[in-house]
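Structure first, then comments.
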Amino acid sequence: MRPSGRAPDAMRAVTIERNVAMKAEGSCLIAFGNTKVLCTASVETSLPGWLRGKGQGWVTAEYGMLPRATGTRTRREATAGKQSGRTQEIQRLIGRSLRAVVDLTALGESQITLDCDVLEADGGTRTASITGAYIALADAVRWLEERKLTKGPVLKESVAAISCGIYRGAPVLDLDYLEDVEAETDANFVMTGSGKFVEIQGTAEGAPFDREELNALMNLAGKGIGELTELQKAALAA
Amino acid sequence: MRPSGRAPDAMRAVTIERNVAMKAEGSCLIAFGNTKVLCTASVETSLPGWLRGKGQGWVTAEYGMLPRATGTRTRREATAGKQSGRTQEIQRLIGRSLRAVVDLTALGESQITLDCDVLEADGGTRTASITGAYIALADAVRWLEERKLTKGPVLKESVAAISCGIYRGAPVLDLDYLEDVEAETDANFVMTGSGKFVEIQGTAEGAPFDREELNALMNLAGKGIGELTELQKAALAA
Amino acid sequence: MRPSGRAPDAMRAVTIERNVAMKAEGSCLIAFGNTKVLCTASVETSLPGWLRGKGQGWVTAEYGMLPRATGTRTRREATAGKQSGRTQEIQRLIGRSLRAVVDLTALGESQITLDCDVLEADGGTRTASITGAYIALADAVRWLEERKLTKGPVLKESVAAISCGIYRGAPVLDLDYLEDVEAETDANFVMTGSGKFVEIQGTAEGAPFDREELNALMNLAGKGIGELTELQKAALAA
Amino acid sequence: MRPSGRAPDAMRAVTIERNVAMKAEGSCLIAFGNTKVLCTASVETSLPGWLRGKGQGWVTAEYGMLPRATGTRTRREATAGKQSGRTQEIQRLIGRSLRAVVDLTALGESQITLDCDVLEADGGTRTASITGAYIALADAVRWLEERKLTKGPVLKESVAAISCGIYRGAPVLDLDYLEDVEAETDANFVMTGSGKFVEIQGTAEGAPFDREELNALMNLAGKGIGELTELQKAALAA
Amino acid sequence: MRPSGRAPDAMRAVTIERNVAMKAEGSCLIAFGNTKVLCTASVETSLPGWLRGKGQGWVTAEYGMLPRATGTRTRREATAGKQSGRTQEIQRLIGRSLRAVVDLTALGESQITLDCDVLEADGGTRTASITGAYIALADAVRWLEERKLTKGPVLKESVAAISCGIYRGAPVLDLDYLEDVEAETDANFVMTGSGKFVEIQGTAEGAPFDREELNALMNLAGKGIGELTELQKAALAA
Amino acid sequence: MRPSGRAPDAMRAVTIERNVAMKAEGSCLIAFGNTKVLCTASVETSLPGWLRGKGQGWVTAEYGMLPRATGTRTRREATAGKQSGRTQEIQRLIGRSLRAVVDLTALGESQITLDCDVLEADGGTRTASITGAYIALADAVRWLEERKLTKGPVLKESVAAISCGIYRGAPVLDLDYLEDVEAETDANFVMTGSGKFVEIQGTAEGAPFDREELNALMNLAGKGIGELTELQKAALAA
């Protein structure tokens, strides 16, 4: 039995609210249950020096968490003087995931920075960030297209992410914080709208896992990504 | 004529939404027009070493701005490796302003940290932060009172803050970003609910100002603080 | 009764010794009683990149304190690896105060950096820094004028600063360290030679203050700035 | 055809030289072809404060690369003032991988730090680090056992790591640098001696990959880990 | 011919003014010609943790230079965020030099920190710092002795320092900045009042030097240290 | 009697293995007994901005120590966030020592960086670094000469370094760690192949030393450098 009472293959309620940041070229507030992430896309049409003259653009991401997104206050990274290893790992993952569906040459000489800031954390902040950042990215690409600043279709397809895990012996979809703390195995899947893998990260937190368990997690992930893909389509069509 | 069409003594629409952060002991989302700040209060009932055994508590504040709160993306301070001088100046001001209305001995051996994170910036982020942080603080104090962790009335009275300035030769209340950039004089007033001064900071951005102009600004500030005090009362009574 | 026996409206003895730093384009050692600050002006006639080509110059300031300027040794900021919030607040204030009396276009494409280093601290280091930095600045401007590197009168008028406060219930001028620690209200005034305000910062350290008290402090400040202006004139005429 | 002429399922020559660091409680120099990593294990029998009194020990890892391990000189992280995101990601992975086979309670109140320093880099430095660190760890555990400082069998089983990838359309085992740069998909597998997964990380560098491709990579990884496990056994038996 | 017209074995005018820092337990302003260093000694009678309970004290030093001590402004180390290698090298030398004449057990459980801050730099700042720091140290020791906080004679003898060099082919004593820049060989000697060596550092800036040249420099240094020792005695007797 | 049983004027066994780093333009592994240092030379034929257009090149050095080169683990400087004062002192010394035998104009517009990384530390790491770095430098210079990138003979002669000290009252050559800890005086000599001094650094760790003792150390150093010079010649001829 999951703490939330969800079925093993049930995701939390996912909502996506677009255009929440007045000044950004793209933005959304995405919620996976009680996890809430504000994603903004910032376009720079003049590239930094090291990127110039290569006939292509760049997509990058930064991740942060408000100090009281968590149960007890977390120290502000700006005060600590550096981003933690965990933060860097996550923002590198977000950037890679988005670039996997972007045609950087078609993007032209623009850079898009996705900022994913966690307002409330209840497990799955990195998967919510990727899923929401895709929405902000898509709006920023539209912004560029309206200004005729692209050189062809920039987005090859959509991308979303979901976590799965082995919780009390059973494979479950979309871990919340209570499950995450206790799960024996924790895996994150970044997949395209057409169901291919962009990134897969599985970690045995307790006992090592076998191929059968991994297959079960992949099945769950496929289902979850399918649902997220529909939600992304609906949000972008609104 | 002000860019927003407001009368010289008219504030922007101010809204306060309480208890927006599920895990914090106190929180609110405060908006001064398009400026939006998320304020959370975090209570620690075990004090840091240097504060222990003095028979009193402490109230402190931190301030941050999401990278795309601004018109063009601002570099994340966690990436830069330090808080800017401006950020430190503002968070020191917020902390001082709140402590002015707190009886630290009555607070007992608890520390309350107020985090003010700007989601959207359109001028007046520091005054919105102080005004909203008071609400989060008041809720955190109630949380402590309900647990009988205080030693008497903690809050001596309310505190709020407002900016005024000389814009195109005329004294105006509650500058937005467009006015702030152009104002000859910019002043911030932190005042108690009973109308006394906690902090006053006036700066000539253009020509130096005289006592008459300062008096005009103080009159406007008194009016604005009166209105904010009523809004705070209403929010806390809700 | 003030610890020093001074009358409420009496400043400490102020002395200004010009040209104390052999290599600087302008310099002075200023003392407000036991507070001693070494102020130097450094001229760079080749501007940093971001300032170039704008047809104007820049004036900026840095502030520091020798470790044993204080009663117990203060940690060296170079060892700590960063400037404190207080230091940054002060040096930003010094820079703003000086720029208020400088015509940056007349300055031409030069940058002047004012370094204010406190050799002994006994209260009022920021006001002594501003008052002394003006002297160093004036000498640096003369240095530029002698080399015909300016494009017209650079200094619009003089600027000086003084602190006032409510000490044991009475408004007093030019707080020393003993008074500063105990004052209920502490205010710093930066004013021009013609008696206008450049910056005003008032803080309630104890009970909030009212408008009448603020008026009393402004009266004292006006008197003090008048005296400092005369001393500056005399120093620059010597 | 692979640049090295290897068959798709052929690893590079792997050698393990034990006890190369005179002063460490465990150490080895491991080579995967031209990739060479010096792994040392350092035992502290007095734990850092936050670990004390919990009746268990800890295993952690740090990773570094000599500046000229690479084709062009890489900036020294000690000079840059911080470890890169990549370095932190790798050292977190090494630590997690080793802890997966350690009984921290049986370890007793000791901490073992594994330092993996790359002397030459030719692809696969993280997998060589994990595989070699296990050897250094095993020797450090013996060192503790000889001194009767453990509370039972510390190592649950062995652990090793290998990379696989899709190179020019074909799944291949143990990518070297030339293959790594060009691979469409790059995956790292950390597995136990009994063939279970501790960690799996797969990334689409080019086109997203499907489940069939992932299965092919898992098959290769299983073969490679089998061979590494035999080499580890032989090294520890020597 | 030396730029200053001095004879090869002539030092610059050296002056020592004691008790210049009102709050320090010992202090002096020392000048070697145009080089001016403010030296303060700060006593802490409660030791930092790592020194406690060893039945002895500690003497340490820090070195700094005001930004405009030099011909063109030098960046403030507090702004740069760290002390340069040169600064660290010098402050380590000052600390070692003073500890060579201190009986740390007789000092008791006190720590004395010597701060040497260069107000004007014209060559020889490290030798002036050591020579002046000895004076501040001696006064701080007296301060401890008056309070009966020592356990016997703390100072074994005096210590001073001087530079020598090969300038245009000739050995000269006490290099000023113009000579320092051009010297083929530059050597610093730290010696006790009884004429023994505490530290010797010689560097070939141009051509390597031979033993004969080194002997000539040692002869000059002996003469210089003799004179400095007399000046130190006179200053402490005043 | 020395702990190692060596005669007072006997060095440890010194071995030099060239070309150990596959990718560097020059490299060697040098051992002074149990002290082992990996030295690599990296050539950049495009100079950093501040060096360009001066018609000359540059030679610089960096020094590091693997965490477990020492008896107990030393904190990694990349984790600490900065290089220690000791590290900076040593790398500055290595750079100066090598530049003393290099004709920077003949080098042309190339920069050579010597990285000296200590794999095992048993005293004398800085002298081994200098002696080994010369070998790596010589190979890097040959690499440039083969590509006709030099403008004449770059190396004026060879350079090597050795430590001496007063150990239990007697002058001894080439201190190992046990001697280094206990020595009353510790001196490092950097000398050319022709027997002249490039750098001499002597420090009294216990009692100050006199000129006679210094002469004895210089005699030992001369003998040691002679032997090292022969070993360097043999290594480069191999």
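Order of writing sets the chain letters: A, B, C, D, E and F. Residues in each chain are counted from 1.
Basically, contacts are C-beta pairs under 8 Å (C-beta built on N, C-alpha and C of every residue); 3 or more make two chains touch, one makes a residue touch a chain.
Just so we're on the same page, UniProt names per chain: A, B, C, D, E, F = Ribonuclease PH.
All values reported here derive from a predicted model rather than from experimental measurement.
Peer 1: Among the remaining chains, which ones contact both subunit D and subunit E?
Peer 2: F
Peer 1: State which chains count as neighbours of subunit A and simultaneously of subunit C.
Peer 2: The shared contacts of subunit A and subunit C, listed by label, come to B.
Peer 1: Most remote chain relative to subunit D, going by C-alpha centroids?
Peer 2: C
Peer 1: Can you check whether subunit C and subunit E touch via the same residue numbers (shared by over half) or via different ones?
Peer 2: The interface of subunit C with subunit E is built from mostly shared positions.
Peer 1: So how far apart, in whole Å, are subunit B and subunit E when each is placed at the average of its C-alpha atoms?
Peer 2: Here the centre of subunit E sits 51 Å away from the centre of subunit B.
Peer 1: Could you tell me the distance, in whole angstrom, between the mean C-alpha positions of subunit A and subunit E?
Peer 2: 59
Peer 1: Can you list every residue of subunit E that touches 2 or more other chains, as numbers and ranges?
Peer 2: Those would be 82.
Peer 1: Report the order of chains around the ring; begin at subunit B and proceed in the direction of subunit C.
Peer 2: The cyclic sequence of chains is B, C, E, F, D, A, beginning at subunit B and stepping to subunit C.
Peer 1: In the complex formed with subunit F, which residues of subunit E make contact?
Peer 2: Interface residues on the subunit E side: 82, 85-86, 88-89, 91-92, 96, 100, 191-192, 194-204, 207-211, 214, 218.
Peer 1: Would you mind writing out the residues of subunit E in touch with subunit C in their complex?
Peer 2: 21-24, 27, 34, 38, 40, 42, 44, 62, 64, 66-73, 76-83, 87, 113, 115, 117, 119-120
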